[in-house]
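Below, each structure is written out as structure tokens.
Below, chain A partners chain B and then partners chain C, in two separate complexes.
Moving on to the complex of A and B:
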């Protein structure tokens, strides 16, 4: 199974945030690397999306879709920086 | 902003008696991965049980495969809704591995190469309910399916049957593992459809 890139995860996050998260930047809790969410290496599309840091492979973001809920797990992020519309 | 529902519902599934609610029968063995598949040479493989007091007991591959093993035929149920009936495995019972371990812990965390974890109550590992399997269908377990060795806990959803196992820590209190922390159920009984937190 081959991973996708984090742009696919941005589609999931679009359901959670009213801002465009394609350009959002994460800071990895494992190694401190900061980059666009779109640069994450994406695994595990069946149980949920797992976004891993391209620098250290640690898990940065997880999105789990239940039929009636969406879970966003940010254990692996120390920060998510979201651009505001129009700025 | 609608909540979307993923497309499991549309297809008509084979209905089979003996399947937990919401499951369909599959004859292949789908591979689910939350990360790259670790390749573990057998001379670097070990399995370690760490008790709640910090005592440790380890087996290397030769010691592990010299333990009494069992051939088991079980049905497995994945939370993504496929079930596979009558799968055959060879492995070492957790009863055997925990026999000489001094513990009063009620909970455990299963650990894997690659960092995966999943929590399982101690009583679900005992009395012939769980194995560390190293053969599937008479063959060595492929890395894609969790080889060299994986947990096999068929009465719970299959994410509890961690691939690439390398350890078990015994805990007084329950803690979420990898998928449980991200919204999946702490216990995961397929017959009660315990898929997500709150189910």
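Moving on to the complex of A and C:
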């Protein structure tokens, strides 16, 4: 299977947040690399997705969809820098 | 409206197929009527969800091919879908979906791989196969806005017959000042691949600090982005979108 990228998570994340998280910059907890969430290398399918840093391949973000809730694991991201509307 | 329940958040809505056309023997453009569509930026995509009678559902992302203008009378949204023969969703969209049928759609989404007409830099678009779709939306949006930003598209495709929008692209090269298109054919002898020489010759010099958009299969995206960086382009000005092979 070919990986997608963080851009493909935009819809799932937009159901949770009122801002577009794929345009945010993450800072990788593993290597310190900073890039847009849209650039993460994305593995997985509808049930759960894992976004890896394209620089060091560490897991930056996990989204798991359960029937009645969503688990969002940002353990691999030191911080998220979110652009505000219009920037 | 269901959306009113959670303001600002996104939900699924029904889209109706109101038109269609084949771009190549395996790529079909779907013209969709989506009630209350809020408009979109070129480069954004939608998620499409199909649900079987037994409740099984599959979801995929598809780039929007059309440009949006708030003042336009045509309020439809166009997706171009490449059929993957072993795919779960794309063969349904290309071969089965008929005019009047409905699909579930969520969007527009994505705020990173987008081009805004207010951006003033020259633009370099690198397309691999059906990765041309969101880049075409950018070219159309520039055309609709009569944008002056110099645009260059390098479009890697197997053969001339596999190129989407070929007629429209040649018309736009003639009619939209400042737009250039170069094709790379990977299955026509002599076979070519996107390489340093091609991007050096048909792209922009790094000194021009262009905004670069790369979209295609993962191997294409990684090769093209690496070449751009090697040619001195600022990684912050390179935006990428990978198309998966699972659709």
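List of remarks:
We take it that the second predicted complex is superposed on the first by the 83 of 87 C-alpha atoms of A that agree within 3 Å, B and C clash if a C-alpha of one lies under 4 Å from a C-alpha of the other, contacts with A are read in each partner's own complex, and residues count from 1 in each chain.
We take it that contacts are C-beta pairs under 8 Å (C-beta built on N, C-alpha and C of every residue); 3 or more make two chains touch, one makes a residue touch a chain.
In this text, all values refer to a predicted model and were calculated from it rather than measured experimentally.
By the touch criterion stated above, A:79 is placed in contact with neither chain B nor chain C. By the touch criterion defined above, A:50 reaches chain B but does not reach chain C. In the superposition on chain A, A:37 makes contact with chain C only, while chain B stays out of contact range.
After overlaying the two complexes on the shared chain, residue contacts for A:7 are found with chain C alone; chain B is out of touch.
After overlaying the two complexes on the shared chain, residue contacts for A:64 are found with chain B alone; chain C is out of touch.
Under the contact criterion defined above, the residues of chain A that touch both chain B in one complex and chain C in the other are 1, 3, 15, 18, 46. Chain contact summary for the complex, chain A toward chain C: residues 1-8, 10-11, 14-18, 20, 22-23, 36-39, 41, 45-46, 83.
Put simply, chain A touches chain B in their complex at residues 1, 3, 15, 18, 43-44, 46-48, 50, 52, 57-59, 62-71, 73, 75.
Contact residues on chain C toward chain A in their complex (touch as defined above): 8-11, 45-47, 57-59, 61, 106-107, 109-113, 217-218, 239-246.
Against chain A, in their complex, chain B makes its touches with residues 1-6, 30-36, 79-80, 115, 159, 178-179, 181-184, 195-197.
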